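Just below sit the structures, each encoded as structure tokens.
One chain, chain A, links the two complexes that follow: it is found with chain B in the first and with chain C in the second.
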Partner chain A sequence: MTTFVLINVTLLAILIATALTISGMRTLYAATMLTALFSLVTACLFVLLDAVDVAFTEAAVGVGISTVLLLGVLSLTRSREAVTPRLRRLPGAVVVLFTGGTLIYASQDLPEFGSPTTPVQTHPLTDVYLRQSQEDIGIPNTVTSVLASYRGLDTLGELVVVFTAGVAVLALLGPLMQPAEAREREVLDLVDYRVLRVVTGMLMPFILLFALYVLFHGDFGPGGGFQAGVIFASGFVLYGLVFGLDRAQQVLPRRVLWVLIAVGPVLYAGVGVANMLLGGAFLDYDTFAPDDAAAGQHIGILLVESAIGVTVAAVMTSIFFGFANRVESSR
Partner chain B sequence: MTAHLPVLQVLVPLVCAPFCVLLRSRTAAWLLFLFAALASLTCAVLLAVRVGGDGAQRYEMGGWPAPAGIEFVVGAFNTPVLLVVSAVAVVVAVYSRRSVTSEVDARRVPLLYTCLCLTLAGLLGLTVTGDVFNAFVFLEISSLSTYALVAMGRHRRALLASFRYLVIGTVGATFLLIGIGLAYAVTGTLNMSDLARRVADLGDDGGGNRALYAAVVFVFVGLAVKIAVFPLHAWLPGAYAQAPSAIGAFLSATSTKVAIYVFCRFAFTVFGTTLVFGTMPIDRIGLALACLAMVAGSAVACFQTDLKYLLAWSSIAQIGYILAGISLATTAGVSAGYLHVINHAVLKAALFCAAGLLVLRLGSARFTALAGLGRRMPWTFAAVVIAGLGLVGVPPTAGFASKWALLTALVDQGQWAVVAAVLASSLLAMVYIGRIVEVAWFREPAEPGTGPTASKAPASMVAAIWVLVLASVYFGLDATWPAGLADAAADALLANGGE
Partner chain C sequence: MIATHYVYWLLFALMMIGLYVVISHGNMLKKLIGLSLFQVGVFLFFISLGKVDGGSAPIVSEDVETYSHPLPQVLILTAIVVGVATLAVGLALAVRIFESYGTVEEDQVLLRDADDREQDGGAS
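Now for the complex of A and B:
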């Protein structure tokens, strides 16, 4: 127990120190790297809380892809923060202190950490999710049950949020760019480094295979569409970084990406519509196999997770391409 | 199929969005948005009829019973919002065809309609959901797509306006999420009805639970950003004025209104009136901020030199009226608030549409371009004046009906200070509408040929403007229909969601 407390305290101390350092920094490259560290420490804390799925997502999204995207943005802009006059920082400081104060005030009456008698633990809902779900859905990872079935609409919503982000980036950077025109061959591509080239080539199948594993293993352990999509995307980003954008876009042309972005929401909502046509409620996967509810749930969850994986991977990749194209054409 | 109406209400626009991307054609995207808007209006009308007949409709997603799964709830308290949002969407869809083509790069148009479908789906979802976390998800969908829409405006300043809105809006959404998280920690549930029961079980004043108080504070501050309550309004003028005209019209009529509805839903049917308005001073704060918004919004509007900015500042004042009505927490007050939600949506959409037509014809909605407008474009000028009089609240207009209801409710409660603010704001509204008339009618036209001009007003845009203007006049002459909806909504809310 004491080791646990000790690890928790240490991690939280690192987290606070990182946050304070970031807020004092002016060089944005360093700040970006530190936000990655921040996410990594957060992911560790999630692991300690036994929230392995969340930790996995945080590691993949917070540490991995969002850092790459932030670096992509920084290569377009100045990488030093402009100085805000002291007087204009004051209102911000007041708001931050007020917010922090309210949170501390709230924490006095929050249920005790880890106690078995918190409202969340004693609510009948917890029993439904932890026990009943084994009969209703029958997959060991209850996180996936809640995410993909009980609260499937939220997940559809989150997928649409990712889709919206992709559309927004395409709208602002996409169709107004002509990547084919006026692009000079870079003096030295990363592809000229043989070690990088060979190692990336060797890693690619493993990355993609791992993404597939994460996608289909979500029923049994941590994983699922979101994480898998991000791992897929990081594979393509790595490929693009090393072999150049042209070759990456030959593998995954924009037209294909454009379609893939939209396929996920259509597939996910299509599953729900199919359920309605089969006589159930929206997203009632039981209707896929009327005799064996659990089998129906399996089919539904698999389809839904695949839909998520496709769109998340396509959106992340196209956001990266969007920024990277901009960098190349501005040179 | 009628049992599925609550989900179809949201699902149709949601599914149209990815199809806009897949088809990649301007006409197809526009048709999809028109279809989505018409389908939502049909759903909203059918739902309103059903709610009128058999009371609140519930729909369990995935067939999971309520606290385990997510449910949609359609009752008398949200049908007016559904009707307003989808009706405005239909009008804007008709209007947008020509307006968007003239203002937005052709390659972006399919993506613009994608975002418009998503905003519509998000706003409708936010209205029908009966689950607090699901509400946050729909808020995210509508907000993100709105940021993208604003950024597609004609000028580079649109990017700045969008970025500003993004930063402030994200802070607001995060506050809402923190509030929801705290409420979950205290009650263990995310379902609105279940939450309401468990909050009530804690005791009249929330059992003195400080985490619950903080939850209320975070939820309401977060929503206040989305409503653009006075000191948190900074994002609104730029966002409405810089967005493409059709988008400005749609947002001004719907997005803050839906946020106000969510405010009501949380205050009356989740946390409960005793906690929010009794133990915590949300009503008094609401009234004070409403007064500030009315006076300051109208006063700043008087000094604007661009019609769109003027209308946006006037929105901030009008939001004050709605907030004042709701903060009274009486049936008459809430009903007046709802009535003004309907009337203001119609009036402001009409005015922003007219401003968009001016942008198309004159190249700008600045006052310098508007000089002498009254003689060159008498019909558009007439539309602006009629809707403008509605904003002031001159007797036979829609604005008068809702303002009268609000004043009656305020006098009932003896809120004389707020009455004074309403009257002062109305006088100021007279000033800023008067300025438009002065510029458009009495000033000599500037030298012709400034900026790109279209020779003729497109029939679709004119039709959209006049449908809205005539609707506002009709609602002023015969307010039975909107007032009936508003009364039913207020009754349902104060009876704790009609449960």
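Now for the complex of A and C:
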């Protein structure tokens, strides 16, 4: 128990120290690299708090994708922050002190950390998710069964948000730039480094295979559509970074990506509609196999997780392509 | 109180650092970084509410008795992916602002807008 507290406090102290350094830094490249460190420590904390699925996602998203995106934007804009005038800092400090004070005052009402008698733990829903789900759905990883089945409608909403964000980035960064124009330009210099080229070529199949493993193993261990999608995308981001955008887009043409972005929500909602046609409620997977509810749930969860994986991978890859296209055309 | 609430307080401190960066820094990219710091604070706060002492990850197996609650984890799992997607939208907006204003500092953008308005007023 004391070891737990010790590790917990140490990790949180590292997090706060990193955050303070980031806030004081004016060189944004360094700040971006520190945010990657910040995400890595956060992922460790998630593991400590028993949230392995979340840690998985944070490690893939925070350390991989968002760092690459920030670095891409920094190369498009200025990487040095102007000095903040002292007058500007005052209102921020006042608001922060007031809000922080209110939060700490309100925290007296919060239940004890880690206590088994908190409202979260004693709510009847806990028993449904942790015990009854084994008979209803029959999947050991309860995070997956809550995500894809019990709260399937919620997850559909989240997927639509990811879809909308992807479309918004494509609309803002003009994906319709002529491909011929981009082809005249030099490929990124990274391809000249033999080590990077060979290692990337060797890693690619394993990254994609790992993404598939994460997707299909999500029922039994940490993993699922969101994580798999991000890992898939990071494989293509690596390929695009090293071999240049043109080759990455030959492997994965933009038009195919645009179709894939839309495939996920359509497939997800289609599963729901199919359930309704089979005589059940929207996203009631039991109707897929009327005799064996658990088998129907398995089919439904697999379809839904694949839909999530396809859209998340396509959105993340095309966001990266969008930014990278700007970088190449602004040179 | 300290022994039972220290996690919450440290996480509040983290959130407040993020909020401070959002409010008091004028650089839009820095604001977005601050927003993600704040976001991580909220994520950790959510997850910490589902944690049980001596609990294990909510993957059911025969030799485990206590599990942490899966629901906060589900909510935060999707929120992380949505968070990076919205961060990308913010970054795309910053790129477009840089292309038309030549800066990502909020003060200078507002200054340019005020200048433009004055010129319009003078012309008409």
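The definition used in the following text is that the second predicted complex is superposed on the first by the 322 of 331 C-alpha atoms of A that agree within 3 Å, B and C clash if a C-alpha of one lies under 4 Å from a C-alpha of the other, contacts with A are read in each partner's own complex, and residues count from 1 in each chain.
Here is the rule we use: contacts are C-beta pairs under 8 Å (C-beta built on N, C-alpha and C of every residue); 3 or more make two chains touch, one makes a residue touch a chain.
Note that the coordinates shown come from a computational prediction; the quantities given were computed from them, not determined experimentally.
> Between chain B (first) and chain C (second), which, if any, makes contact with A:Thr42: first, second, both or neither?
second
> Could you look at A:Asp284 and tell me whether it touches chain B, chain C, both or neither (first, second, both, neither)?
The first partner, chain B, only.
> May I ask you to decide whether A:Val128 touches chain B, chain C, both, or neither, giving the answer as first, second, both or neither?
A:Val128 contacts chain B only, not chain C.
> Does the superposition put A:Arg151 against chain B (first), chain C (second), both, or neither?
The answer is both, since A:Arg151 touches chain B and chain C.
> Output check: A:Pro222 vs chain B and chain C. Expected answer is one of first, second, both, neither. What do you get?
Once the two structures are laid over each other on A, A:Pro222 reaches chain C alone.
> May I ask you to decide whether A:Gln250 touches chain B, chain C, both, or neither, giving the answer as first, second, both or neither?
A:Gln250 contacts neither chain B nor chain C.
> Spot which of chain B and chain C makes contact with more residues of chain A, would you?
When the residues of chain A touched by each partner are counted, C comes out ahead.
> Applying the document's definition of touch, where does A:Thr27 land relative to chain B and chain C: first, second, both, or neither?
neither
> May I ask you to decide whether A:Ala51 touches chain B, chain C, both, or neither, giving the answer as first, second, both or neither?
In the superposed model, A:Ala51 contacts chain C only, not chain B.
> Classify the contacts of A:Arg89 with the two partner chains as first (chain B alone), second (chain C alone), both, or neither.
Second partner only.
> Taking the stated contact definition, name every residue in chain A that is touched by chain B in one complex and by chain C in the other, in rising order.
Touching chain B and chain C on chain A: residues 99, 103, 107-108, 110-111, 118, 120-121, 125-126, 129, 151, 154, 158, 161, 165, 168, 172.
> Okay, in this complex, where on chain A does chain C touch?
Contact set of chain A toward chain C: 1, 8-9, 12-13, 15-16, 19-20, 22-23, 28, 31-32, 35, 38-39, 42, 45-46, 49-54, 57-58, 61-62, 65-66, 69-70, 73-74, 76-78, 81-82, 84, 88-89, 91-93, 95-96, 99-100, 103-104, 107-108, 110-116, 118, 120-121, 125-126, 129-130, 133-134, 140-143, 146-147, 151, 154-155, 158, 161-162, 165-166, 168-169, 172-173, 220-222, 224, 226, 229-230, 312, 315-316, 319, 322-323, 326.
> Which part of chain A faces chain B closely enough to touch in the complex?
Listed in rising order, the residues of chain A that touch chain B are 99, 102-103, 105-111, 118-126, 128-129, 132, 149-154, 157-158, 160-161, 163-165, 167-168, 170-172, 174-176, 258-259, 261-266, 269, 272-273, 276, 280-286.
> What residues of chain B sit close enough to touch chain A in their complex?
Its residues touching chain A are 4, 7, 11, 14-15, 17-19, 21-22, 24, 59-64, 67-70, 105, 107-108, 111-112, 114-115, 118, 121, 125, 133-134, 137-138, 140-141, 144-145, 147-148, 151-152, 175, 178, 182, 184-189, 198, 209-215, 217-218.
> Within the complex, which stretch of chain C touches chain A?
1, 4-21, 23-27, 29-30, 33-34, 36-37, 40, 43-44, 47-53, 55-61, 66-74, 76-89, 91-96, 98, 103-105, 107-108
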